[in-house]
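Next come the structures, one after another.
Next, two complexes with chain A in common: one pairs it with chain B, the other with chain C.
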Partner chain A sequence: MSTQAVAPLKLSDRLVANKHIAIDYMAWILLVLLVIVGFAMKGTLFISVDNLGNIVEQSAIIGVLAIGQFVVVLTGGIDLSVGANMAMMAMICGLTMPFGIFGSVAATLLAGIIIGLIAGVVIAYGSLPPFIVTFAMMFVCRGLALTVTAGESVSAIDSPITAVGYGWPHWAIWLIVAGIIWYILVKTRTGTKIYAVGGNIEAARVSGINTKRILVLVYVISGVCGAVAGMLALARNGVAMPTSGSGYEMQTIAAVVLGGISLFGGEGKFTGAVAGVVFVTMLRNILDSNNADPFWAFCVIGIVLWIAVILRGLIERIR
Partner chain B sequence: MAADTTAPVILQASGLTKRYAGVTALAGVDFDLREGEVHCLVGENGAGKSTLIKILTGVVTPDAGTITVADKDLTSSTIKERRDAGISVIYQDLNLVQQLTVTENIFLGNEPTTKSGALDKQRMRAEARQLIETLGVDFPVTSRVDDLGISLQQLTATARALSLGGRILIMDEPSAVLGGKELEVLFAVVKRLTEQGIAVIYISHRLEEIFHIGDRVTVLRDGQYISTSKVKDIDQKELIRQMVGRDIEGFQNLDIDAEKGAEIIRLENVTRKGVLHDISLSIREGEVVGISGLVGAGRTELARVIMGMDHFDTGQIYFLGKKTNISSATKAVRLGIALVPEDRRAEGIIPMLSVRDNGALSLVQRMTKFGVIAFKAMFAKVNKLANEMAIKVPDLRDPVSGLSGGNQQKVVLTKCLATDCKLLIMDEPTVGIDVGAKKEIYNIIADLKRRGIGVLVISSELPEILAISDRILVMSVGRIRGEVDPRLTTQEEILNLAIPPMEALTEVGGEQ
Partner chain C sequence: MSSSPELLEETPAVHTPAPGPKEQTYKMRAVLQKYALVLVLLVLAVFANIKSEGSFLTPQNIMNVLTQNAVLGVLAVGQTLIILTAGIDLSLGSITALAAVTTLTFQGLGFFPSLLIGFGVGMLAGLVNGLLVSYGRVPAFIATLGMMQVAMGLAYVISKGFSIDDKDHVGLLLGEDKLFGFVPSVVIVWALVTIIAWFITKKMKYGSYIYAVGGNPRTAKASGIPVNRTLIFVYMFGGLCAAIGAILYINRYGNAEPSIGNIATLSMSMAPVVVGGTSLFGGSGGVWKTIVGVLILGVLSNIMVLMGVPQNPQQIVQGAIIILVVFMFAWQERRSRIRQ
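Moving on, here comes the complex of A and B:
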């Protein structure tokens, strides 16, 4: 039998094929640019092990939340409750601390699963838009966090959990969460299913994928990430504050978008999301260490987001 | 070809019947498939082809009838059980995840894993490469699907169907989006598959293809089983004769001979590369010109060019005798051209707005004084038109979403006519509309004619276009193949003009 030849990819095809790589690594390019800026301002002090270690450490809490957000966004969804969820989880962990560290951690993780499960089930089986469901969940979580102690903070200053508040134990937890999610996304069927549901839910369904179950799963992952972030925040501050984490949902979305992840779902690399998180923290670090008002960071993040989105649009138009 | 009549029957369906809300989509249809054959399925739009496919794949449960695959009764089995029995489908829209790679798409939902539960990517890539090779083609399996041309995407979908171990492959209009060399690749792939004993159900509008690759052909018409023949025992003329045969009752295009007015629009040699070739036509006041042709003949594309939504490369358009450059839809509307789009829900109406507001959409711009809308005058005009159309709605302030298809279409017409347009383009005006409302739409068209409006009607329904047009232009592969007089022509003649000869297909593909 003769083999019907199909023309090999032409150079122009290769260019088109590489445009996705450009988007996937956009955040890394931005990150390198930022490192150069930081280096120009502070010299070797900026790239010292101490300072870079600081940046990684400061990234941990928002990083864990952003990973949950990333997985949700991959399905074309959004989780607006991550910040409020984190605050509530910190409260739960602090309040259950009298039952011992293990019981407390288990209770918090369970609470994270339940929050994610509720949001996921309502979104998947109620066919409701993630935006409004998680928006409502944000109020519920914030309200609960405030109500349990009538707005008071909960101290956990004497708890052994503070051991993971600083230094390597702190960021190691980020690394572990990131590693688990990376493994799921890149190495398992579940990962491919998450991408498929976000890319073309109809194609996923006819491929025999239980799309509703996948949708529930991603919100559960985000809920658990919220629990871990809440515990990290409690460990770092020694107290759980019911008002903490406000605005974090927006920062995680910013990190995810900077990471080249499509808000429509189906595309985006894990490494991009991580680079996005580090970018956000590094920006604040640079402004901080130059005695600039760190609130400028928001403006800069906004402008960089614009640039990133415009760039992305231009790259995608290559045909 | 590979199959002969002695090959064992692998799929047997008998007496399949399906009704939807009183409409019979399929009435006692029989169908059988032999190993290694290409069994073509033909019929006009609405003949029941897609319903039959959906029943075979288990997406739709039949009201009556049985399906057996390899002597196993599968009548009440699920989609998954059918797939396990070896039935796989390549839908027209392919159902691929554009952002994933060829390999990932091939194994989606069915990925091989290593002992530790991780994806066996090496095995996936190797098997994907092997599957692509079985098809007799070669392209990188690590490419993202959206980086591939439509032809390679289709081959990806085919490889995917094969990966499931399918013995029965259903291809729903696989050639609709292909041209030229891509078609040859498709034919070669189909031939290769049948040589391996795989049975193919091939659905196509292009009859030529059936004579090219088919072993047997089954004709459906209005949900009825008409015939099954060996391709070598039948010719195109006979096939067409079996496909057509419906009539529209209760509507008569009376003033077909009435004096037409001045010319409204004239197209001279309009060409849009790879889409439209050398299109010349004219429409006069009070004239209904029908455009017939198969799906993909370039009819909607022609409407888009006239409407200023797509540019054209060469040729001229004269509007009211003056050479005009219709550069945008806004300009077209200002000139007095209105479009009733094919996809009513997506492009025709705003569902949550009221009937009155939808009708007024086209007026808002022009009935404004000092930035304030003259609501009274505007709604008076809309109400008058809506009453003339006899839109069935308790209150004109009710939302359009609750209306039937026919009444929604009347709302679209109200919107178009509110602009006092001179030329009305209607793309498939009665798709998804019940029989009674269809006649009302025809009567509205006849009325427009009397008022001196020029109408260009695009329709896939032959009886419809024969009933309402004063003249019919038949398009095929981007060209006007001929003009026929609806009183003298037959459905057979139109279909003969509409079905592209094989060379024509290659011609277009070469330009892409």
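Moving on, here comes the complex of A and C:
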């Protein structure tokens, strides 16, 4: 086309052109830094196979929830009910255990679909801000979890699900859920539509995508992820506590933002979210191993979320 | 101000025909729409009165209802100003818990020092929210979600998870528990906060800034309004309201525990604001509307008690009602936008 010689880009221009790399790999870079910090504090104990295996195992529940959160955030929404939803699903799974493991799993998945459906329909067809609807949903779920047993825990020690919980590696279930969602997002047209809705909802509507159905779908996915995480929590602990999962919505959102996913939707890599989850879990691991008050973790993760969002905004505004 | 009727009479009535029946129905509709919620409140109150066989609408019980809703009422007033700027504060419940716990931790210092420390903590939390939303350009719900966790975590760390008793009677405002032996001090504080917020929004320069920022932040910025300063102001006012709510809570219950922030009604302080008709998209609404919203929800929960609904399901029913009402309002707002 043109015969003009292309001038080599200046370093600053190249930095600007590649700033998305910094955003996409923010979680990985921070993860490496955190490993160094952990190593400095705990020495070889921290990078032992045992401890790293522990971290991966611990991240399974948050990981499953974060995948649901990831899909929701891709459409520019947010799901604040994931933690309470998980607690309620664990209760449902524990309470329906007398009907056999398959009946119980089916009932829990169904409950997850229903919760997601309610949130999704209200958000999509009511044109309401997702954070308000899911914030209310958080209290509805928590209230239901506290009501069904009047605040008591449900024990499932002798049921088959704990056998699965003790026998199976939890990260395997995380991997399966992640694989399914990755397949939907990358290989199917639905995945393309989800990205399109997040990128520009008006454009998506004009180009013939049923945006409302997509919005409902992502909240249903998040609800199902909540159901899987609830079953995982029950299998892991042997009991379902109505107050469990408090602050999990925060950890999933922090993981997703650290993973470079835009809160306004449409942008973000799947692997980033996974790295974000490992980062958040490793942070909790380091705090726990220093015998800190467990509630410091709430503060630290809140501050990490703030920093991540500000950092992302700053990188995006580099010109 | 509108022209007085005498002036209209004097001008030759050539081009001003009498309002036709259609215009009158429009006017009627406008009036009805303006006072629809007050009407709903009255209907609910009358229903409660019938249900309780005449013991609901007694001055004593009305005071009880006001007292029960004072903490939420103060938080909702703070929330109103924030929502008017098209923001949201999810952290008000947690800031209340943090301020309550801090106030009682320092109660040994005396009444005013501990009070000031509590207010300072609330305003500091609000300042952080405001800085994040304005200069940090963090979406309001993310910034305040973070604050919800940070404040709750700090409340647990400070109190070590235990309830703290109000040994030195920090919560007893105005010296006495009831003014004139009838009006509880918490209700007076709520009224004062409401009047101050009304004065700020309607009579001060900052008030018009708040509405302008909520209406359209770009236009506001272009017309020279200090958008960032206004945002910081409303979040700090919200934090202060949360700290005042904390004192009222201590006054009512005589203790403070870090789990206050988990109380659904306190955390959902945006619910009465929306029920009262303030737009979640900012720019329209007001403080008095919020008071009507608080009272509607308060009377509703009283009706639930009268009908014998147990405590825990009450929360769910209330949550469901809130979602339903918010849904209805958003739907109506969308319709009116389309009509315009």
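The definition used in the following text is that the second predicted complex is superposed on the first by the 279 of 319 C-alpha atoms of A that agree within 3 Å, B and C clash if a C-alpha of one lies under 4 Å from a C-alpha of the other, contacts with A are read in each partner's own complex, and residues count from 1 in each chain.
Here is the rule we go by: a contact is a pair of C-beta atoms (placed from the backbone, for glycine too) under 8 Å apart; a residue touches a chain by one contact, two chains touch by 3 or more.
Computed from a predicted structure; not experimentally measured.
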| item | value |
| --- | --- |
| More chain A residues in contact - chain B or chain C | C |
| First (chain B), second (chain C), both or neither touched by A:131 | second |
| Which superposed partner A:150 touches (first chain B, second chain C, both, neither) | second |
| Which superposed partner A:267 touches (first chain B, second chain C, both, neither) | first |
| Touching partner for A:80 - first (chain B), second (chain C), both, neither | second |
| Chain B versus chain C as contact partner of A:213, first or second or both or neither | neither |
| Chain B versus chain C as contact partner of A:140, first or second or both or neither | second |
| Partner chain in contact with A:253 - chain B first, chain C second, else both or neither | second |
| Touch list for chain A against partner chain B, complex | 1-6, 8-9, 13, 16-17, 20, 183, 187-189, 191-193, 195-196, 198-200, 202-204, 206-209, 262, 266-267 |
| List of chain B residues in touch with chain A within their complex | 79-80, 83, 91, 95-100, 104, 108-111, 113, 117-119, 133, 136-140, 143-144, 147, 152, 184-185, 188-189, 192, 195 |
| Interfacial residue positions of chain C with respect to chain A in the complex | 88, 90, 132, 136-139, 141-143, 145-150, 152-154, 156-157, 160-161, 262, 264, 267-268, 270-271, 274, 280, 312-313, 315-316, 319-320, 322-323, 326-327, 330-331, 334 |
| Touching residues (chain side chain A, partner chain C) in the complex | 78, 80, 122, 126-129, 131-133, 135-137, 139-140, 142-144, 146-147, 150-151, 246-247, 249-250, 253, 257, 263, 293, 295-299, 301-303, 305-306, 309-310, 313 |
